[in-house]
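In structure tokens below, several structures.
Paired with subunit B in one complex and with subunit C in the other, subunit A is shared by the two complexes that follow.
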Partner chain A sequence: MSTVSSELSEQGERAFFGACVQGGGEPIDPEAYRIVDRWIERNPGGRERLIPLLHAVQEHLGYLPFPVQEYVAERLGLSPIEVYGVVSFYHFFTTTPRGRYQLKVCMGTACFVNNAQTICDVVGDLLGIGVGEVTEDRLFSLEQVRCIGACGLAPAMMVNDEVHGHLTPNAIRKLVRRLKAAARKEREARKGEADGENEQ
Partner chain B sequence: MDRRMVTITVNGREVTAPAGGRLLDVLRGLGLDIPTLCHDDRLTPYGGCRLCVVERKDGRGGMVPACSTPVQRGMVVETRTPAVVAARQNNLQLLLLDHRMECPVCERSGDCRLQELVYLYGTPEERLPFERAERPRDESSPVIVRDPEKCILCGKCVRLCDEVQGVAEIGLVGRGLDAAVTTLLGRPLDCEFCGQCVNACPVGALIARPFATEVPAWLRERRTTVCSWCSCGCELEAELYEGRIVRVTARPGSEPNDGMLCVKGWLGWDVLESPERLTRPLVRREGRLVEASWEEALGAAAAGLARAMETGREAAVLATPRLLIEDALLLRRLMEGVQGTARTGIGPEAGLEALASGVAPVFGQPASTATLEDVDAADMVLVLRGDPGRTHPLVKNVLVRRTRQRGLPFALAAAFTAGLERHAAPFLHLRPGTETALLAFLGRALDLEGRLDRTVEGFGAWRESVERCTAEWAAGVTGVPEATLARLAEALSAARKVSLVLVTGRGIPGNEAAAARAAACLSVALGEGSGLLVLPEKSNLVGCLRTGLARDRAADVLEAALAGRVGWLYLVGQDPAGAWPRSMPGREALESAEFVVVQDAFLTETARAADVVLPAAILIEREGTGIGPEGTLRTYHRIVAPPAGVLQDGVIVRELARLAGVRLPGPEIVAAETAALAGARGGPVRLAALEVTVAEPPGEGFLLDPSPQVFHSGSTTTHSARLTGLSPGIAVRMAPADAEAAGLGNGDAVRLVTDGREVLLRARIDRRVRPGTLLVPWRNREDAASRLVGEDGVWISVQLRRS
Partner chain C sequence: MKTNSEAAGDSRAVLDRAALAGIREAVRPVIEGRLAARRGAEPVRREVLVCHGGSCVSCHAVPVADVMERVIGERGLADRARVVRVGCMGLCDAGPLVLVVPDGVYYPRVNESLARRIVEEHLGAGTVLDEAELTWEGPGGEVLRSREVPFFARQLKIALRNCGVIDPGSLEEYVAADGYRALEKVLFEMEPGAVLDELKRSGLRGRGGAGFPAGLKWQFVRDARGDVRYVVCNADEGDPGAFMDRSILEGDPFSVIEAMTIAGRVIGSNQGYVYVRAEYPLAIERLGAALDRARQAGLLGCDILGSGFDFDVEIRIGAGAFVCGEETALMHSIEGKRGMPRPRPPFPAQKGLWNRPTLLNNVETWANVPPILLRGAEWYAAIGTARSKGTKVFALAGAVRNTGLVEVPMGISLREVVEELGGGIRSGLPFKAAQSGGPSGGCVPASAADVPVDYESLQELGAIMGSGGLIVMDEGTCMVELARFFMEFIVDESCGKCPPCRIGNRVMLNVLERITRGEGREEDLDLLERLGDHIRTSSLCGLGQTGPNPVLSTLRHFRQEYEVHVRERRCPAGQCRALLTYTIVEELCNGCHACTKACPAGAIAGELKHVHRIDQDVCIHCGACLNACPTGAIEAR
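Up next is the complex of A and B:
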């Protein structure tokens, strides 16, 4: 499965379905489709599997790219617009890419009075993104959230499912460095694996 | 399903109603006007608009929506309490909040359900402090304009597109005030343009561009007739102003289509006003066709006939099966009166051989044994040879509804499809023309299961003829995996009532008569309750067969003409030179015939070669009777007058008869004869041995798919600017992967080569096309599939070359 660049349809001519206008037609990690395949294999059933499957995909990719939604539709015997209807209905699902590390700065009362806004600004400046945005390398995305229930640790931030508290600008710099290094390692490990596969 | 009747109380009155039935139906059955906006009897209950609320006084529920509340014993319901009225008013007010009200200039004014209900109920005086959201109109489609500012989100369009049309091109996206009906990613509509959504829209949110009119609803005259594009025979309602069609719809509840139409029945009527219509007769003078009066033209035709008779040659007619029964009866009488041995036939039409030589020997008559209702209700349906969505859209709707709404499966066995395979269970992707082999396999497999009635006459010989057709053999011939074949056999074996549906259409590969015979045999052997529905292409093929007009085969008429024996050839709506397969020497036969009279609406290739051309009325310009595939009479009403100077076939035939000195029966006698042709007529049923021939596997190359396409496929549709505008045009459509492999882009020129024949076409990439298949419209043109197809029934593989 590959994305095909969009062709502008002339008046009265049929639009070309394969065109997946997705963030300028950027390619989707083929792993995304394998996630769908594997999940469907493990979970027999019918169209009622849509929501759990979307959850599984978003858990892995951080978002639901349209080509993957179309693939989900095909695999479950639904139409792509039905899938998108569901995706757009639930606030939890998102079609915009999130980072590998989703940073959620807590803006709850306790954090707020402990300079949460400054923490948020520092993170944003450090990564060069604003709230609701994602870094170009897709490593980090930044969001503001309501109280995460870690008031004792204020100011706090979540990195994916992990809470980081008592944040200072310095602590944030260290954290970001650590995350970048971890991501680099991960990438290299995956590359080695892929090379190994190719050699076989 | 029989439901237990229970007693409920409605507005203080005790009534009986089926337990579990829809409360709305019961209330409406009592004559109560329960308002709805999102409800449609053709769809599963939705409960979205909350206008059908009624008050339950039995202590359970309070306000309930009648559309999605099942009837329960002892229910007490009030439909007119102040609380009910107030609830409806409030709901209407909420709808109006986000509705751009421009009723005085809205296209649906006077025909708008929302307007009607606001008039009936009014809204509360208090205004709610909300601003209407601004949403741009979607004008990207050449046909359907969507106006989200008028949309009330009833979802009827979305649900029809999904549950009935099986396309699901549009969906409800977003939530709350942001919710909108849209396509995926807001792409331009890329659908079948059936118009179901537009016709069901209760407000002015969906407007058909061709029908965007400044004529308000109350000035339009509504007339009902039967659509005559294909053999489905849908009832349509045309709205006219100054004698011209300004809008076409269909009413839910209409027979047989329940408010459904296809793109042709909805939009195709601009053919009637095509500037290419013939409006004056033509006669050949000094080698050229020139305009003439009816008197001159008919005189010339009659003189040609007289000369043929004097010189001892034959008179022959080949007519279109769109001819209405009365006209066909007159035509047959004319020919009989002219010459006892005159040849009369209808063209090489899709469905003719299936009925006349396929099923007739088995059923004892050239007719179907299953109706569309049977197909709707059968435990299992097997559709053979094609996707009815391309040829018989109403049948597609029936199949989609039974599976999407009631969970009743159907199987589809075809080489070339157009989306119905997504709903089929199982779908058998056959090699072209291998339906007979599939049916032979099924016969053997079902008999081994003990599912068949062995007492039918001829069973032994039939059974013996399919003995070698094992699953392994069938898989090899059809290309369908054994497991899928077994799944189909199992499903059929388990079903009590089975309907087989045989699709026919010009260009569908394979021997339709052989497949029809095999299907007929299987349907008989499946016993009581099972049957076969043969779908001919043209509207009145069954009717024309019953008039006895199809006495001679078109090939025999051509042969007689080529041998120089035909002195007068009368072609009514037939175009041998332009539209017939190239394997039939239509053009040569025209040249060999001494005198050729063509009766048609357009100057066809054949008409160009004629001695006299007579302009005829077509489609819904005609008054008369037809017979559908199931044997039922249909009354066609002339709802628009043909262009001035154009006459209906029967009128022309009467004039010719007068000049030829042939006495024709009067209208009363013709009407009586017509009525006598209706009804199903059984003959002795007998199974016949099948001849299962296995086509030679094709050489290397692509499969050519020349079967009909829903937007337009034939000669008449060519003259509809709306239909041709929607169709991809004369192009070869191919799967994205194949285009990529061949290094082709949209619009690139390619040559298709097969067996010494060749056409040059533009490439068009289409995700609907299966890899390995090239889709080429037939068209009566030199640059389309009709040029590539040799003999019908041949499995064609073509080479693709860059040009």
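Up next is the complex of A and C:
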């Protein structure tokens, strides 16, 4: 009985992950697997390593693709579904790529009573994306987060790890313009570098 | 001027008790000088304390401190003045905040050019910049300056004693500020039983929310059967609106480490964990640095101070789940599992981490332990009310003028906190209510704001002390919308394990959404109350058991507001968008078309550069125009 059900569940898992992988279709940086290997070598232990390891992978990749989750499961001796269970439980982990600039609008109480919803709407309107989405050029992603503890600055938003406080719709318009300009400059610099190499 | 670590000799050596005493003697005068700033003193040498709490750092405190250091160098003032980067000073609203000691002069909202002037004029020439100093209008219209400002004058700092006074990265400064004296006492002078006795007599109760007596909890873990025990610090400060734990970890990480070490000795544990939210990168960084430093100095690890006692602490980073603040969920998360709570008993004191007896306290509770052991239970128990002893840190936020952290004796009235320390309401509208305890707590209406703040009286009002987040609201906040906001939070954060929480709260949210959309039914209010009661009594963990509180407490104190939403389809506070009427103020409209483009219903018409108009029959009350208008010409009522 038990073998049948475990086989079934294994098949089910494979089918599930197979579907997810096809759905994603994103080529995975092979470095991701090496990060997993190196991290596991440096940190001996058991299953309690799962969450710190997922943090390490997401810090590098920006998200947790399913094949990498499967690999993590294999290396830690867990079933893929256990890993996916943890990934899907915690808000911090994501299975879709995020933007170069991750905008996280704080929806804590202090921000909420200071009109955080308006702030979030304005950001979304400006970027043309909804909460949980990423712009087509992968420049911006928008999320709502629970209190970032910057209540004295409400309403506040994080851009990657940087906190921006006392926001108004006009301040956001300026901020987004500035980020877009910075991204453009970065792209041009990279392009310039690439051109330079090509010429050589 | 030498740095404090230089004054204390070789800072990389393993420390013994004599070394600790040496550091205290060498660095103590510096700390005394800073503390004297609270009274005011004649300066010989000055220090500029620049707040580097998370909030001030995001207001660019780091470049301000950099500029000051550079100008001190340029002007050759290095032997007379020095910059110290300290933890949170509390008044986040005034960030970046700077304190010149020992004069005791605060400068709020310092930018780089003001930073330069402070160095040149105040540090160099000794002239206080009167116009830039922090001032406050007193009750009789008199001008109060710096430390006389009620926000500072009314506080009593125990848990926050070192925050904003010492450099959180400097073990020497912590030691000089009486750091590790409590641990020495516990290691060499006191029996574990005497420590427990002291804690019990102090009346210290858990600051994480439930208020369980700390001494008893320690006793239970010590008495539990088993050979391996764990000490855990709960720094998963999830209540939106609370940030005292973050500030303590950022401003005084060694005090938490010392307290956990003490607990390890008392309950017989050699391993501690601090579970911190991933949303607090700065706290994680500073705590990590403090752990490294303590290990290097031999204050963690094997044979601490030659006592034969071994103890170490590791950081575990959360991953964004509110429910992980619940103790059994937190322990599952440390074990690498989904953070789902389990029924208690068995309590963590019997079966905690990996089924071993585990002592769990929150950051603020830990920070209170060393001073209690150092100054005695009687001293601590003399502060506060009959059943709630000591002080409580509150995070003041919302509509209040002085947002920030305050530590006040238990028993102070909510009105004093909001109106005197908090400076009253920023918008000038009347004070409506204060929400205490986050999504598990409730509202205290302005009419009840005179009751003394302690665990019991807040509970009687249908609120809870919680972790101490205090969101102040004026008449512009709709209580139904607030209840909906908290319920949305609970529904989002429910782990889904038990049906009352998973389904019940969802149904409550549906009803609240209906009411804020103007589709409420007469029977909805009773339904909310009945459902809330069921969920409270039948949920598995604290999240579900307290989840309906915000709804029930607003229903209790502001039932009329709900009735207006249901019967008159009106939102008196003007927050529920679907119940508002949008019009364009002609004088402000510049005819830019921003609103016409934003309107999804095509309800706005008007030519470019001419005043636009909203067709009320077509308007779907979404508020998109309100967000889009660059001139604030859309009026919503």
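By definition in this document, the second predicted complex is superposed on the first by the 109 of 200 C-alpha atoms of A that agree within 3 Å, B and C clash if a C-alpha of one lies under 4 Å from a C-alpha of the other, contacts with A are read in each partner's own complex, and residues count from 1 in each chain.
Just so it is clear, contacts are C-beta pairs under 8 Å (C-beta built on N, C-alpha and C of every residue); 3 or more make two chains touch, one makes a residue touch a chain.
Predicted model only: the values in this text are computed from it and were never measured.
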item	value
Which superposed partner A:163 touches (first subunit B, second subunit C, both, neither)	second
Touched partner set for A:80, first subunit B, second subunit C, both or neither	first
Touching partner for A:89 - first (subunit B), second (subunit C), both, neither	both
Subunit B versus subunit C as contact partner of A:55, first or second or both or neither	second
Winner by number of subunit A residues touched, once subunit B and subunit C are compared	C
Touching both subunit B and subunit C, residues of subunit A	85, 89, 91
For the subunit A and subunit B complex, residues of the former touching the latter	4, 7, 9, 11-19, 21, 66, 70, 77-82, 84-85, 88-89, 91
Touching residues (chain side subunit C, partner subunit A) in the complex	54-55, 57-59, 92-93, 95, 237-243, 246, 278-281, 316-322, 333-340, 395, 397-399, 403-404, 435, 438, 469, 471, 473, 477, 482, 485-486, 489, 493, 495, 598, 623-624, 626-628, 630
Partner subunit C, residues of subunit A touching it in the complex	46-52, 54-55, 85-86, 89-93, 107-114, 118, 121-122, 125, 145-154, 156, 161-165, 169-170, 173
For the subunit B and subunit A complex, residues of the former touching the latter	142, 162, 167-175, 182-185, 187-188, 190, 422, 725-726, 728, 736, 746, 765-768
